[in-house]
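Working notes for the structure below.
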Amino acid sequence: MSFEAAPFIDFCINTLFPALADGLLITVLLVLITAPFGLAFGVLLAVGRVYGKSYSHWFCRLFVGFVKGCPLMLLLFILYFGLPTIPYVGITLDAFTASVIGFICCNSAYNSEYVRGAILSVKEGQLVAASALGMTKRQAIMYIVLPQALRRAIPGLSNEFIYLIKYSSLAYMITLVELTGAGKLVFSKYFEPGVFFVVGIVYLALITVTTVGANALEKKYAVPGTQKR
Amino acid sequence: MSEKTTDDYILRVEDIHKTYGDKEVLKGVSFNVRKGDTIVFIGPSGTGKSTLLRCINQLTVPDSGRVWLHDEEVTNSGRKINRFRQKIGMVFQNFYLFDHLTAIKNVEIALLKVKGMSPEAAREKALCELRQVGMEEYADHYPAELSGGQAQRVSIARALAMEPDVILFDEPTSALDPELTREVLEVMKKLALEGMTMLVVTHEMGFARSVATEIVFMESGVIQETGTPAEVFGEGGGFERIRSFMGQIGDLSGD
Amino acid sequence: MEIDLFSVITEWLPYLLGGVVVTVGLVASALIIGACLGLPMAIGQVYGSRPVKYVIGLYVWFFRGLPVLVLLFMFYFTIFPLLDPNIDAFVVGAVVLGLRGAAYQSQIFRGAIQSISEGQMTAARSLGMSRVMAIRTIIIPQAVRIALPGWSNEYPNILTDSAICYAIGVAELLTRTSQIVAQTYITMPIYLLCALMFILLNLAGMRVIAYLEKRVAIPGFSGGSHTGIV
């Protein structure tokens, strides 16, 4: 197999890049729509697990356990192919919606583990002092525990965000043509071996930029005087 | 003393019992507090002094016994407990400042969220209390940027800002070096002189001698002896236990 | 309907269990490849020369930065066909998961090595050991033990990632599940059965790791505050 640069560059400009641009847009949309919900539900799951009464505690545990134990692709299959087959209540989701729901489940389950760890690491005295000032448990969680816990969870949460960018590629397996899917379609048509490397470079760029942003975020929200290292 | 009616007392503690596992920490403790009193609790470690303070604002729920603030029962008050806690301030050995908030925000937060004050009013009040404890210029520092003595002064300001009827001090200087201890004790002394009602668990005999209206000696979960500083430190008889205790910790002279 | 479902499941269960074997094979190969490459890479990253560190860093950045699906496509459609046009999808899956696992595992091992106090190296050198010998006989035995808890994160990740090999047609659990669904038109029960099998595999594997951890534990020795991937 010989490789010549000039035709490949032409191929990229005329065929590959336009296709990847469309796919990239879908990937970015998937990630940006999933992330806020994944964070919100992740916090809820963590709070439910740490402070919840027995039934909400167990619901959160089982949900997180199921989502972490079940491959994301199977979860997507269940949402996309499985749900419509349930008698009477069958719901048909389009591929984008099914993907977003699956990603929110996955993202929130993993996020909740980081937030839970961070909540447990908040010193007990913080809650005691809040109670002594007359705060209700809800107020203490909202204003004292979570602001501290979320700061500590930033490295884990941004790690999870990076995972989200990567596993958003699985949406292609339920027919949604995002970045990876766009590359695969072009490849199947032209059998140009460089395609997946170009796709790879786009992911690496996305993830490197995100990592830099995450580090800046972590620095910005650090509480003065508490930095380790 | 026997002629007084219950109206004179702002805080009444009745027969508090508390057991952890098989260790009975409090074996029936009762006492009364008048407005403006500074009651100092002394005694060996592990005799339930801190537990007693926590039972008063229900951070620790006693097994039995009752606590009254004015004529309302604090014990068994259910969700109303948070209203009582606004009226009963507490200062902790390890300060427990909220680590993610600056000094002034530490003072403001309960004013905003619990008392529902406006941001401007809360800020003004917080600044005023920080001024009281000499911490105004550190308003924008975070807890991790403060010395222990400074942090404890902020935590006193935080308690004061709620305008409590009584403040509980749980070994407020035990975590501090001697020179930092002094700045905290001075703030507490000033408060006492201004008429704040205070319950103080401490090993600082100098403070007990010069500030207390009443010294309570606790041992093995009960109040063993009670007296004014003049009685305890004076020439009169009695108070063998207190004196032998002070002899042990080597601080008979006071300051 | 219920009898129908039951008979379908008993009919297809052996086929599905065959998928479990393939999945276990994939995961085991990937873990072994990952460990065999990851440990030397970690040593290189801690003790190696500057170019060595740079190359390993690049490798880690590449394999951690790409989605598994892209890696699988890249290797299955582009890289492996250069070597052997009739390559088996299972081999591609195992190698890709293994190479990717090596990138993650190298970071677990690196953290473990870095958490070992410098005194250990100094003491070994003072006994006349060479650097290589000290790394081999003193550092690695400790590092592997410290790294085991980090490993218990790696196993479930590789297990769930192995399902992505469906995309290149490896006949593992999820692939066979989809085939059964396509054949029988029974959807949800089969999917849930598949999920159950993955979860059981997950729990069983964690048991094995916990057992291993206990087996190799040194009394009174714990890896300090080390927690694995940064």
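List of remarks:
Which chain is which? They are A, B and C, in the order written, and residues in each are numbered from 1.
Just so it is clear, a contact is a pair of C-beta atoms (placed from the backbone, for glycine too) under 8 Å apart; a residue touches a chain by one contact, two chains touch by 3 or more.
Predicted, not measured: the structure shown is a model, and the values here were computed from it.
Contact topology of the protein chains: linear, an open path with no closing contact. For chain B, the chain with the farthest CA centroid is C.
Look at where the CA atoms of chain A average out and do the same for chain C: the two points lie 21 Å apart. Mean C-alpha position of chain B lies 56 Å from that of chain C.
Centre-to-centre separation between chain A and chain B, using Cα means, comes to 48 Å.
On the chain A side of its complex with chain B, the touching residues are 123, 125-126, 128-136, 139, 143-144, 147-148, 151, 223-226. Considering their complex, residues 61-62, 65-70, 73-74, 77-78, 82, 156, 159-164, 166-167, 174, 177-178, 181, 187-188, 191-192, 194-195, 198-199, 202-203 of chain C touch chain A. Of all residues in chain B, only 57, 59, 79, 82-86, 89-90, 92, 94, 96-100, 109-110, 113-114, 141-145, 155, 158-159, 162 touch chain A in the complex they form.
Considering their complex, residues 1, 65-66, 68-74, 77-78, 81-82, 85-86, 166-170, 172-173, 180, 183-184, 187, 193-197, 199-200, 203-204, 207-208 of chain A touch chain C.
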